[in-house]
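Each structure below is given as structure tokens.
Paired with chain B in one complex and with chain C in the other, chain A is shared by the two complexes that follow.
What follows is the complex of A and B.
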């Protein structure tokens, strides 16, 4: 035996142990941990929040962080920590829902477009070009001003902005699959185009879509916060990170930093861990392909 | 010689046509949003008004004509440059936008300078020594930069540099109160005050420009660093560079004579697109710093339920974006002989 060499383990589940170790390492990584904490905070906000998030307490306006109010109080006297917890529900759910909707529409369109090619593909490409020429924030402002200021419209707009991303991505994954053997075999088996796309193409696009999903959610969370910062989508007492920052913005010049900083920190942590997670997933996906 | 001219003309023509199509699409979607998603008259007038007044306005605005006719009229108006009338000021939207455009241009230009100096140099140095200290710093900045909301970092900058350190002026607008603004030549305060020799105004303008420019630059710095780094790394690992190294050519010659020249095209393309992108991304930064540009104009119009200006700004931003794409394409076409050969 060579000095320092470790004898190979003779156990049956060697590979399985390595895979499980990887999975464990991956699950305990910072982004996943942070995200889990955030999601748990959102779900269990009523249990975790020490104060009522929507009842103004004028006597306790703008108190700095203390033992009683971990993040201080906002201009209406409401506890910022509780509001940040409750706001996680809205921000996270709007972001995730909008991305899912975007995938729901963009994925089949992209798969079809990449598979069928021709006129349909050309038209789809032009449409995505146009959709991506729209400045996101301004477009959201215009649509909400026309269609009404509520969370549903906000979600729909963000979904609209996600459609071209997934359309193009799924299309680019579909293009090389056209000539592959299993597709030709399925065609010989009598599958119609629709069923081919649905049963064979789309499952093959799920993995890259999944890795992009986390990244899109990161962007979506920032968009939600940004849009509600200028007043779109959320009514005033409703706790939401962006509108909380907006409320605290006017007090920054007076040195009262806590109403604006803590909600922004929440947005940043969410976006950061979603991005980090997405990059890890992308690396894994790239390694496997 | 002539065939080269013809090829260029054809290419430019094709790109212009593509741009026009995109703009047409933008105008169409904007039209659809206005007419189909909500009755614009209600938006202008409110819901509590007499039916007769509403019918009058509908007729005045031409909303009782068939939809295709409305569409054509809208397109013709936009082509003329008529972006509608602001309900609040009763002045043409185009005039209002022109008033505020220099402010946004100045902000974006300042941000671009920061991006050029900071982003590109970081990208270049990262590519020269991958894995080194600068590279790790760049990765760190990139990872942070894509996750930090720009309006939030703007507020933090205000807190640190205005409230704590007292270095920055009051974050309200482009000049401190009491400073005489220079006579309007370009609308860009820095340029105008230089031309007028108004040093007080110049200092004030620059001071007010710093924080918003940094905030806006942060939006685009991560992608700038990434793209510069990746394109340069690709070039540095290409065969002809390796051959040059193998021949013992000094590193400096390799970098400045060959690598940089080949890197210019993708980098300039990226800069053009970043400019176009930033022109439409100033809304949040302008809101935080009360910077009187087109972004803030759109936001204020929204608060005042003044609908036409928002659409005007949307269309303008799409126009800038499309123009930036065109410029990027033309640069690539002009500089890269491989594209010309097609």
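What follows is the complex of A and C.
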């Protein structure tokens, strides 16, 4: 045996058991449970929903929660429970798609920016500063007004808002990496800048990106609901939490709380669990590094 | 140009740092590496050994720049190649290994894959060929169970094993020249000898050349055929190992050998004084402030490397 070689881990080691116990604890934590339920609701909405979410029944306006309508009905006579389920599809998919698009653009730009430095970096930093100086709601209203009120535009706006977040984050992780020994060694092996960034820098930035992903999704869900609440992006009868809250808001003072409270609860639970999950992940990342 | 020469560094100048406090890390260093020879570069910390090596491969830190001189390799000046041409030189023609082997491996990928990557990049080999080549290289480096070790991650390697893996990665494309920057400094003494032997053996077998950077004369004496002594960014003496160690002709080399106890059996000595401030322009001999037999001319005139006997160069007015 040559110099103090560390034995390779054997299957079923103590470390493996600890890891499995950790995983179980994770899967049973409230944020993960809530999120799983929400995602399952979104996926199986057609099977779970007792009524059609977009068919108004004029005779059944604003009925309180009952056995027939678990969450009651809205001012158009649509079943709120069914609508809350279907809305999860729109809210979650718009949020996740927009964050993924933001990462797709922001991550490589940030990695390059931090890696090559110089003028490219300067230009990138100034652009992100300009982007972040804009109030997001105002920016969204302006774009929707100019480009049209639809879900695609809403997704693109949210993606655009996420680009500078990931650009800056990946850049900040890249800066110390760029001077690390293994990058110098990889250079000695003849790797090009493209392969250094793609194969060595970006994989090393994924852990912080992953922990930020959940926080960004929480923000995106709030933005989708918030923008829809003021009438941007989603229009009735398309089921969406924010627009449902806005539809029901004016009836709260008449004691008819259910049209606004149930979708509001859905937004709250989604945002809470995504945030809680994100903060957990971030604590783990901080502990590891 | 001499056919037996592989690498020739002529009057190389490197500056690092921002403009308000530029450090002249290498101030006109010259040396030659012959084909099949092994040159050891000796010098204190901050003497510019590493910067000279990094400049050779054009891998200086972002704030550093080669401001003068030339690095001739196979008739080409490496300082004037395009970045693409340089990428084909690195790893294929000239490789380099560093002191921190464990952190020189990307923590996210198996070691074997990182070796295979270099091979695929330069030789255009298939994934499977490259994987086998990587395992063969690890095996040649004396790593037990190489197929399994190739799948292991850097954190599962010890320092000595990681350095073996780095050497495997550096030699996978059979380069003509290996630059080893303090390759054994972080290792245990027993492993140091193993790793040095490994490098020496593979360089000899593949008829390549070695440029070994060290602050330890014993390491150089153990594994090299030639030797150069650097001080304050300049080469003060160069020649064959026997000449430099046996007939040291620069006062700095003599003082250095005394510090290592090579010349005297007495207690360890040190060289009085300090390395000159490399931020300012130096007039005269860089060693003048610490040199025992210093004369007026040493403080006024800069000595150049002269061949005092065949293949033995010294930069001293009185050699």
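In this section, the second predicted complex is superposed on the first by the 277 of 289 C-alpha atoms of A that agree within 3 Å, B and C clash if a C-alpha of one lies under 4 Å from a C-alpha of the other, contacts with A are read in each partner's own complex, and residues count from 1 in each chain.
Heads up, the rule we're going with is that a contact is a pair of C-beta atoms (placed from the backbone, for glycine too) under 8 Å apart; a residue touches a chain by one contact, two chains touch by 3 or more.
These numbers were taken from a predicted model, which means no experiment stands behind them.
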Partner chain in contact with A:130 - chain B first, chain C second, else both or neither: first
First (chain B), second (chain C), both or neither touched by A:117: second
Which of chain B and chain C A:245 touches, first, second, both or neither: first
Touched partner set for A:222, first chain B, second chain C, both or neither: first
Partner chain in contact with A:97 - chain B first, chain C second, else both or neither: neither
Of chain B and chain C, the chain that contacts the larger number of chain A residues: B
First, second, both or neither for A:204, with chain B first and chain C second: second
First, second, both or neither for A:185, with chain B first and chain C second: second
Partner chain B, residues of chain A touching it in the complex: 126-127, 129-130, 133-135, 137-139, 141-143, 145-148, 218, 222, 225-226, 229-231, 245, 248-249, 252-255, 257, 260-261, 264, 267-268, 271-272, 275-276
Parts of chain C lying in touch with chain A, wherever the complex brings them together: 57, 59, 61-62, 83-84, 87-92, 95-98, 100, 103-109, 114, 117-118, 121-122, 142-144, 148-149, 152, 156-161, 166, 169-170, 188, 190-191, 194
Chain B residues within the chain A interface of the complex: 21-22, 25-26, 29-30, 33-34, 37-38, 40, 43, 143-144, 146-152, 155-156, 158-159, 162-163, 170-171, 280-281, 283-284, 287-288, 295, 298-299, 302-303, 305, 307, 310-311, 313-314, 317-318, 321-322
Parts of chain A lying in touch with chain C, wherever the complex brings them together: 1-6, 8-9, 117, 179-182, 184-193, 195, 199-200, 203-204
